[in-house]
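Shared between the two complexes below is chain A, which has chain B as its partner in the first and chain C in the second.
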Partner chain A sequence: MRSGHFKERTEQLIVLSDSAPVWAWSAVLVVALAAAPYLLNAYLLSFVVLILITATGALGLHLLTGRTGLISLGHVGFLLLGAYAYAVPVAKYGLSPFVGFALAGTAPALVSVLVGIPSLRLKGLYLAITTLAFSFIIAHLVLQMSWLTNGARGIQVPRPEMFGISFDSDIRFAQLCLFVATITLFGVLNIERSRVGRALMAVRDNDIAARTMGINLQAYKLRAFMTSAFVSGIAGALFGIYLSFVTVEGFPFLMSIEALAILIVGGLGSTLGVVFGSIFIVLLPEVGRTALSLLGENAAKLFSTGANELRSVLYGVAIILFLRFEPRGLVGLWGDRKRLWVNWPLRF
Partner chain B sequence: MLSRKATIALLASGMFAYAAHAQQQGVTANEILLGEVEPLTGPPALLGIAYNVGTKVAIAEANAAGGVDGRKLRLLTDDDGYVPTRTIQSVRKMIEVDKIFAFTSLSGSGQGLAVLPIVEKAGIPAMPAIGPVTGLYTPPRKSVFVVGQSYEEGMYQLVRHLATSFPGKKWGILTQDDDYGVALRTGFARAQQEFKLNVVSEGEYKKGQQDFSSEMLRVRSAGAEVFMAGGVIGENVAMVKELEKLGSKPVVGMFWPGRVTATLKLMGPASDGIYAVDYVDPDNSATIAAFTERAKKLVSEAEVKAMNRYTLAAYASTKVLIEAMRRCGKNLTWACTITELEKTKNFESGVMGPISFGPGVRFSSQAVRIMKADFATLSFKPVQ
Partner chain C sequence: MQYLLDQVISGIAVGAIYGLVAMGFALIYKATGLVNFAQGEMSMITAYIAWSIAGTVSGNPWLVVGGALAASVVLGLAIERVVMRPMLGEPVFATVMVTIGLAVVLRSATLLIWDAYPHALDIGAGREIVHIGDTGVRSAQLAVMATLLLALGAFWAFFRYSRIGKAMRAVAADERAAKLMGISAARIHAVAWTASSVIAGIAGVFSALLYDVSPNMFHVGLKSFPATILGGLDSVLGSGFGGVIIGVAENLAAGYLAPSVKEITGFIVIIAMLMIRPFGLFGEREIERV
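This part shows the complex of A and B:
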């Protein structure tokens, strides 16, 4: 057990992790996730899939809000755009899913420039409202451009077939989601330890100071928007495939709020927190259902027949409790437990 | 002594029969488990709760009559809040964890379409009757049977009636910006072309919109004499109240999701004389009176109060399913139920016209009726 954590070289500072146990446990987690589709039933597997898709989308928002400090209330717009950018070429025009996924990333990334440009002069609440308006505009355009998007009727989206592999089964689709989520996670971790990631952090912490240090605010903010939109668009495409049916209704505004809730509950600014937050927010209703079922049949029935309202209440209570008692989020709690384990019997 | 071949054949058939029996989920020696997903909270709960009552009445009736081949029916209900992701989760849970035998509802139209691949893949019988949207039965899915009528046809019939009753009038229409609105506009466009309607005001509103003052001002300014309110419940109420406030009194037509007592109560006296279209029997008919009396004995008082047209839609749809299951007798499997559902011909549910399906026909295409609101009795009476 190591008793100190001294870093003497730059490489040590930017390495993903210098702890062998962390790598070992990460490998165990990857193996467990890879095995999960074969061990879980379709219902439990759908939670794994939802967590993976949610984590991918939330990682997109994390790059913008968590790392760059640009608050977005309109991220659902990028998810929606990604879903349609995949569904239109693949389901409507029969193009390859590769083209679909490429467009699902690039279309929101290009459109994000339109939102990103105003963001160069806007901050905080003003930026949040701008992004919110953007998501409404996207939804409106999708409904109006019915010649391309089928308007309110939506588009049925089949499961993809790539590399000669059909992702029609739940197991295969879960593996695809795991692949995308893992790539995204490593991508985000790598961005964070690069020059770009440190520049984004500088912009978040104090943009005037960042500019004084020679960081081009315009370029980095736009980069943050584009990267974030790209990742969110891919998550939107996966979500559309999961839903098997893409409509504006499938992407309600509440998804933007849920994404922000994930960042807050997980721990704002932490990539690991995004993963924790996604697991927490997706599983919270199911945990609530299980807890209530222990109290008897009537309590379980209450959840079944009032699930929608109870879920909203649970989300609200969780956010309030975290903001009040643990603003560092789940990642803060995790850090405390880790320190306790490493330093025991000493307190610090 | 049996010969070796006969013994093998007997063993094989026995094993096959056991396997077939063992594979069939949701059926035990004394119980059959059914499931339904619908909105039970939030604004759409008005239709979800009512629908749930209809299913409960059909099940209670069947159980009171001895169940299905001696097995009692039990219903599992899940609230999805009208959110497709939650519908997917609930449908998966019911198939994989609860192991139900059949679905009596797959929530609304968009939600139903989202779960169709799951239902189709599982092969489980499903009777989605809340939102009988075309995509649910075109192309026909083997295990999905829809009792009802399409929004397009319903709208066409309503406009046809009003165009014949009020010839040469100026028309206005306002619809929602979703698949429901698209279907209404499609039906309206067909009638508009056929009857060469003079449409002076046409518009769409955003789903969830509460204030219709500017839209109704436009309708009045355009001089619309017949107005089609294409909302669900709250929207139609807001439109009619706004027209009342403006002193405008066009002939108003609305669609079946709004054909519930709550709409009339909320609209007040302004609701009197509003035209509606539906495929379930009118409120004041003898069949509905008889149904209500039966329901009072089978469900709670609060549930009776929650009943509306969706109760009748659920009741008829579930009755068709139960009848098909009953015809299967001891051999209650998904395959048999689907075959028997397909054989349904002119089935009388007692709350709507005869219901029929057929080979490759998964939509009952019910005949519709035009009705008129009577505020004094808070009911809709047939006009044809």
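This part shows the complex of A and C:
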């Protein structure tokens, strides 16, 4: 049994991971993910891509909701803005994808200041309702400004070409998504172990106490809003490229719920949980379909006619069941398994 | 002038629907301290049940109304008992997320059980045009306004005179003290969920009468949010009035600015209201003590 785990310096406390096995397994995972595009068929690869994009977007919400404790029901607004901020300059005006990605991050970040400033006075449910209202207003504006956004017709988005590499093939695009998701994950992990990350956590756990410790609530909440919107915008742009078509219908309100479901299912406040949650939520409809097809012909037919509805039902039920029976989420279950593995045959 | 009058009157009728749903929001918030994001879905399900009943027994409005009321009572009780009561004592965030999950489930279940097409709810009444001066109003529009007034009066009396109403106010003010006085908080929550489901159901049936039953009916919940925020989340009567204001504002914005503005008028009102008076026109200011 492992014992004698001492920390003597601050660096040891805030290091990403102090365990060699964790680093080794992470390296294995990175290698596996890098190799995956070459090994998997197109069908499975599309799931990998979707998981990577979803995880990126969910990490954005995680910074805001999981870390800072500001509930957002309007996350889809940032995704939508990011997608359009990429699609309009690249597909409509033929600018470089670099400009597109830069705008996909900065445009939502700037707009998030507009939402963030009025939200600074609000807490909890009121903030959730404001962000909800915001996402509807954004969708409405995008539909109305058809001179820029083509309104309801949408914009066709080509796969980008950057650094002299064409990301046209599925393999290359998967690698692009993997790159962005990895950078985002490391970014978020590093924010969390910095002064900013600890300040955000303090705001989440007790904002009055945080304030008395000299944390500027307004500044940190706004920072959380902007970073979150930036990351989500990039994810939105990737999702738009993945769909190869950006419309308001491509970003339904359900996506906000889906993002919250990922955080809850994974374990609120945990970055690892976001990854688990993304995998779970993306694969859930597929698993549900397989399970139904085992039940027989009629059940399988139900899935083909009401696929979207069944998917929503699964999300909803997953949210309710996790909150009811395992509020710590998948990360909690994972921790239990790990402890069992390390301590066995002892219980503690 | 006539145009303005038309807009205002039909605005009041829509606003009465919003007001009823908003009262449901406020009732649950007052009793349990959480926002029920499934309110619009609950009103949609009741409307669909009413439509199913109207399809089997045609031409008897009382049977349809009675059946819908009974269904909404069962729905409210079932949701409280099965979904919400196990969450008692959990953090507000978790409980609110459960209502969001519930909303998604109910919404998709409606699509799975019934279909995705709009249907007219025909109960053999409510479509006649009544003339007030030069303005033609459908009788269902008048009925919904009357219902809102009735509901406002009934809730005022309920909170002021009835034993359960007083108990509900006590639970809202201080749940622990209320429990120590022998009030069963769980029962009060059940009453609140049931009452809220019933008024949401009434609103749903009226909305189905005036427009159609369709899977988009849950939007009435989203559009009633502004009403509750305007009136005050913890003020049941204020929310009722808030609904009327939102309905009229929506119609005037659509009539005088642009038809498309109608969809987001309420949301703009929310943001403006939350910036100026987050606790609403009639709500109680929250004071935070360290």
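The rule is simple: the second predicted complex is superposed on the first by the 338 of 348 C-alpha atoms of A that agree within 3 Å, B and C clash if a C-alpha of one lies under 4 Å from a C-alpha of the other, contacts with A are read in each partner's own complex, and residues count from 1 in each chain.
Please note the rule applied: contacts are C-beta pairs under 8 Å (C-beta built on N, C-alpha and C of every residue); 3 or more make two chains touch, one makes a residue touch a chain.
Since we're looking at a predicted model, the values are computed, not measured.
Novice: Where does A:N41 make contact in the superposed view: on chain B (first), on chain C (second), on both, or on neither?
Specialist: In the superposition, A:N41 contacts chain B only.
Novice: Per the contact definition in the header, classify A:E309: touching chain B only (first), chain C only (second), both, or neither.
Specialist: In the superposed model, A:E309 contacts both chain B and chain C.
Novice: So, A:F280: does it touch chain B (first), chain C (second), both, or neither?
Specialist: Neither partner.
Novice: By the touch definition at the top of the document, which applies to A:Y220: first (chain B), second (chain C), both, or neither?
Specialist: Neither partner.
Novice: Report for A:F173: first if it touches chain B alone, second if chain C alone, otherwise both or neither.
Specialist: After superposing on A, A:F173 lies clear of both chain B and chain C.
Novice: Would you mind checking which one, chain B or chain C, touches more residues on chain A?
Specialist: Partner touching more chain A residues in the overlay: C.
Novice: Show me the chain A residues, by the header's touch rule, that chain B contacts in one structure and chain C contacts in the other.
Specialist: 143, 306, 308-309, 311
Novice: Which residues, counting only chain A, touch chain C once they are in their complex?
Specialist: Residue list for chain A touching chain C: 71, 73, 118, 121-122, 124-126, 128-130, 132-134, 136-137, 140, 143-144, 208, 254, 257, 260-261, 264, 268, 302, 306, 308-313, 315-320, 323-324, 327.
Novice: Where on chain A is chain B touching in the complex?
Specialist: Result: residues 41-44, 46-47, 50, 143, 151-154, 156, 242-245, 247-250, 252, 304-309, 311 of chain A touch chain B.
Novice: Across the complex, what residues on chain B touch chain A?
Specialist: Result: residues 39-42, 76-86, 88-89, 92-93, 95-97, 110, 113-114, 116-118, 135, 177-182, 207 of chain B touch chain A.
Novice: Name, in rising order, each residue of chain C that touches chain A in their complex.
Specialist: Contact set of chain C toward chain A: 34-35, 83, 86-87, 90, 92-94, 96-98, 100-105, 107-109, 111-112, 222, 225-226, 229, 233, 260, 263-264, 266-268, 270-271, 274-275, 278, 288, 290.
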